[in-house]
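These are the structures in question, set out in turn.
Here come two complexes built around subunit A, the first alongside subunit B, the second alongside subunit C.
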Partner chain A sequence: MDYKAPVEAYTGVVREVTIGKGNKSLKIGGENILPLHFFDQGSNPNPVKFALEILDMKPEDWPEHAVEPFKDVISDPVSWAKKCRGFAVDAVSLFLMSTDPAVKNAPADKAAALAREVAEAIDVPLIVYGSGDEKKDVEVLSKVAEVCDGMNLLIGPVLKENYEAVGKAILDHGHTAIAQSPLDINLLKELNVKLSKIFPPDRIVIDPLSSALGYGMEYSFSLIERVKQIGVITKDSMTMMPIIANLGGECWKTKQAKENKKQGLLWEGMTALSLLLAGANILVLRHPETLKLIKETIEAR
Partner chain B sequence: MVIIGENIHVIAKAVSVAIRERDAKVIQALAKAQTEAGANYIDLNVGPMKKDPEDTMQWLVNAVQEVTDLPLSIDTMNPVAMEAGLKHCKKRPLLNSASGKTDSKENMLPLAKKYNCDVVISVMTDKGMPPDVDSKIESIMDTVTHANELGIPNEDIWVDPIILPVSTAGEGQRFAVTNLEFIKILEDVLPGVKSTVGLSNVSNGVPEELRPPLNRTYLAMLGRNGLYSAIADPLDKELMSLTKGEMPKIAELIHKTMDGEDIDLSILSQKEVEYVKTARVLMGQTLYSDAWLES
Partner chain C sequence: MPIAGSEIVKMLPGKKPCKDCGFPTCFAFAMKLASGGATVDKCPYLSEEVKAKLVDLLAPPIKLVTVGSGENAVKVGNEEVIYRHEKTFVHSPGIALLISDKEDGAEVEEKIKKIKELQFPWVGVNLKANLLTLHFASGDKNKFLALVKKVYNSTDAGIILISEDLDVLFAARDICADRHPLLYPITKGDIDKAIPRIKENLTPVGLRGESVEQLIPLTIKLKEAGIEELVLDPGSKNLLEAIRDQTSIRKAALKQGFRPLGYPTIAFPAFMAKDGLKEMLVGSAFINKWASIIVFSDFDKYSLLPLLVQRLNIYTDPRFPMAVEEKYYEVGEPDESSPVLVTSNWALTYFLVSSAVEAAKVPAYICVKDAEGLGVLTAWAAGKFSGDSVGTFIKKCGIENKVKHRKLVIPGKVARIKGELEDALNLKWEVIIGPRETTGIGAFLPGLAKQLKG
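On to the complex of A and B.
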């Protein structure tokens, strides 16, 4: 008897979200299959994308081997962003760390002006992450949205505590939102439900929080996997959004990554590959050599 | 459906203070209100009762029996308090509860025989909480067999599958579905046994104002699958009328949802829509979030 492999066909489709404008734009999501299930009926029109992370200030706690690729530009975010382009990134992710009240409490105006300068200097879309301080981010992210009006940046984190104010600014100025919740699928859905009442769901990207290998990565893995299953298989409209895995910072915080370069690259690489397999649509990495390693792994099949 | 009134519960501040200060009025008011609301039993949940278990329990049982003729459910993990409670009940009480744990088999189950009362037996064992339907059935069959050997017949046993909060990330909804299945097949595997649940636990951790819809809907669903009784809030009027069959249209919608039928929400009232959405969550058909009624 001939064996016929079973082929699944699902009805859920992850929303295709566009970041950036014109020839600086990028599409993520849009798949109606589970991650890498190319044997099933359906497709993923937008294979996984990669961004490199830059900071708005000279990093203080990075090991030398993480600074090394950017050592000549590490104090100048605009040049740093331009240099990322040499590593064939799909996007650049600017982390406005200096605005954190616990770091430098830098003013929103200054952060927003920098975001605009960076966005104009590069020919790929820009992702902007605030410090994560729920109060300060209302000021900072609203200002970024306003100053970069119409550029369709991907801006976050939009949290349960500030989604109304931050969501409105992102919407009013034509950007896309990163909805972030603390590693819990029920809270993730709740935020999407609430945000969707004031914000178009096809402009939301989910950040489920990405933990590093050895530091809770399996929670991020299961969560991303589950979001995809519930979206694609059971067609839950409130989980059918693409996912951003912002993992570089988490990986390079670990003792193992700080110890030596090879270990750091593998730590970031294994975390990235795992979350990619779970279904992340765009990954934010820190080290350009990790990016190279992952691209080679994907191309080698 | 036999409703065991849950409101005399030591977690409620007013109740714990009243017990400590021997203030019968507070306790009696709760007992009377639940009796008038149509409860069939009054649960006396006194927790572990470490201090003065015998005197306190005797006082409490007598205080409640002064104002109600309903039978009592003595709800404590402390065997000394349990025995003191059972001893003073005028009507045949319910021992709430025993389990498959060694400690419980040795100290609680024999009391059910000694006082010839009904007994709640949960699926818990020394290994903890059985995770799925098969293991729950396996554990309860073991414990019921043990109870039978002590001379307690199936007809006196009320099996409790242990309800867990539906909002528990990831697993909560699976638990809700597991218990629906368990109740459905219980009668086939252990003929003659009754069943009960601690209903309100399904909505534990959910914002206070959103708890009643979960409790009501889940009770109706469990009832359809053959649940005999529940420890629940008889002061929830809507819960009681749903249980008594006074809301047939809602019940029908819940049953259709359980059967996976397509339901056109656009022609339903807001209340009906809420029941359908809640039943979908409890069936695991849609992912739970605190905003489940809004999406």
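On to the complex of A and C.
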């Protein structure tokens, strides 16, 4: 019995998406191999990237050990964003929580002005997430797109319910879109098909929703794994987009992460590493120590 | 690569319908064999040679190996798929705690205690680590054997023995052989000497190579010697090598049907990472990436729980979502003016909502609607959490007899069902849109409770 190491060569190539402009730009995706499968034929020109999240308001329910690295800047999103640079981030992700009608219902123009200020203050690309309220986000994300015209931010979530309006604003002002659908491969493809009709597919990043360890992580894991395989192995054009795993917030809202720092770092770290192994191209984390741990773990030689 | 019934039938005697096997024809028997519903020995007319060949062909592509005995036996292997979305992973990996004979008495006691006592109730199951690994590192044989005796006598956990010195390895084996310990490592250099000793008292064997390829002649040799409970260590030194090696072994077994690599694997985060947290992270990656036994140098309750939850998640059968029963649940001691919330019956949705309500210290009713175990938003998208169906459930679940008010809180993520739901409830209930995230419940609920009381 002769053994031949199984070396695969696939025909699908994930679209390479650029976010940010000029010397602030960052490429994600572009691979034709499965995650970390450097032993197969092909390559990943843009190894997985990491962003840290910041909020547009002082967080209320973060445990002290999550606030700690940013405690001096936590009430000021601009300084907070700048401080992220000290943790070797590839991007910063701003969450416009305060615009949520159920939180503060902050007005769109205020949020947009902040997004611009943050984007200008940092030397890495900015990701902007609206509150997820499908109606309010039309207003908020359109305004963000307009005020930050030409900066090529990564903006989302673009949902099935609002993709036409939000997609148009993102496109008109030269940004990149996060297409988000709830943990289902068919819904995800359907949204990409619809969005692609009005939007260039090489400016779409997929957000399949990331659940935390113990709270549905395995659904996100298997979904991302499938999306990646359907793209890379079977060359399905509508799944050949880079994947964003926005998991920090989900992990840190669990009782287990709040209870103890070490447990929290591992909660976020194991979720992140799982989704990375499944095929995420960019991870949004909350704790800078998690980021460091994950990087060192995958870079160990 | 399972063999087809049509292939098997060619190897059967074809004595028309003699039916001695209990099946009407050879073909029917062959089909049953292929699906695992019968065993080869039922046909009395097979030569020893054909029988052996069939047994081999029909064996699962990854050998089942048992470490430990009795209630604490850990069974690994027998996996059928490369990716969990293809079907499911079956035998969750053994999580092992390493004790070196260089550690002092107190440290040893502490670790034995950890294996016994670190247990976590989690969504109806009890999570715990299940193996002890004893490492001969002191150079003092008697010291190591004393450790083996101590562990053998004071726990009933499955044992992995590590010793580069074969004499010490087999002496330790003789102390705890009835516990079915795993002997590690057997290598290219000592396999010939080891074989007769292994056969004196057969227990599982861990093979160490410097690559996947190097393991192949070793497994072939052991199998020929009748030693088949094998566990493979391809010697991966970091995460990237681990992914490469584990992927090769898994694909060789399941995609290429290459028998000499059809065994479970063992991984040693204990020897791969210096930092405790990174060790746990590498270990968690091995859970995703198919290791069957994973050995850690140490852990405590805060680092072990995430790892065990990771194992539970990845080995959950994706075909059956975890669901809770459809009914209303009481949190605290609610009365006729307590808030009423509705959510879907995915176990985790329910636990998130109920723990948030509990933390808010507001007694309340949570009406859990059967949505086939999906989360709220997914359930809505799949048509299992529509206004109509939620309305029907609210009417029949009995909550209308429990509260005097008629205000129903729905998850903010499905705000859009408000109108349809109010119609379905014949406008008798006012539907209130709750927070989008369970984290918002703490701020939301006390206000509502006050309003309902006053």
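Keep in mind that, in the parts below, the second predicted complex is superposed on the first by the 297 of 301 C-alpha atoms of A that agree within 3 Å, B and C clash if a C-alpha of one lies under 4 Å from a C-alpha of the other, contacts with A are read in each partner's own complex, and residues count from 1 in each chain.
The definition used in the following text is that contacts are C-beta pairs under 8 Å (C-beta built on N, C-alpha and C of every residue); 3 or more make two chains touch, one makes a residue touch a chain.
Every value quoted in this text rests on a predicted model; they were computed, and no experiment measured them.
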Output check: A:Ala9 vs subunit B and subunit C. Expected answer is one of first, second, both, neither. What do you get? neither
By the touch definition at the top of the document, which applies to A:Lys189: first (subunit B), second (subunit C), both, or neither? first
After superposition on the shared chain, which partner residues are touched by A:Asp133: those of subunit B (first), subunit C (second), both, or neither? second
In this superposed model, does subunit C or subunit B come into contact with more residues of subunit A? C
If you stack the two complexes on chain A, which partner ends up touching A:Leu266: first (subunit B), second (subunit C), both, or neither? second
Tell me which partner A:Met238 touches in the superposition: subunit B (first), subunit C (second), both or neither. first
For A:Arg226, is the partner it touches subunit B (first), subunit C (second), both, or none of the two (neither)? both
Using the superposition on A, tell me which residues of subunit A are in contact with subunit B and, in the other complex, with subunit C. 184, 187, 222, 226
Subunit B touches which residues of subunit A in the complex? 184-190, 193-194, 196-197, 222, 226, 230, 234, 236-239
In their shared complex, subunit A is touched by residues of subunit C numbered 83-85, 122, 212-213, 216, 237-240, 243-244, 247-248, 251-252, 255-256, 258-261, 272-273, 275, 277-278, 280-282, 284-285, 288-289, 302-303, 305-307, 309-310, 312-314, 316, 318, 346, 348, 352, 355, 375, 377-378, 381-382, 412-413, 433, 435-440, 442-444
Contacts from subunit B onto subunit A in the complex sit at residues 167, 169-170, 172, 285-291, 294-295
Note which residues of subunit A are touching subunit C in the complex, please. 1, 3-6, 36-39, 60-61, 100, 102-103, 131-133, 182-184, 187, 211, 213-219, 221-223, 225-226, 229, 253, 255-256, 260, 262-263, 265-267, 269-270, 273-274, 277-278, 293-294, 296-298, 300-301
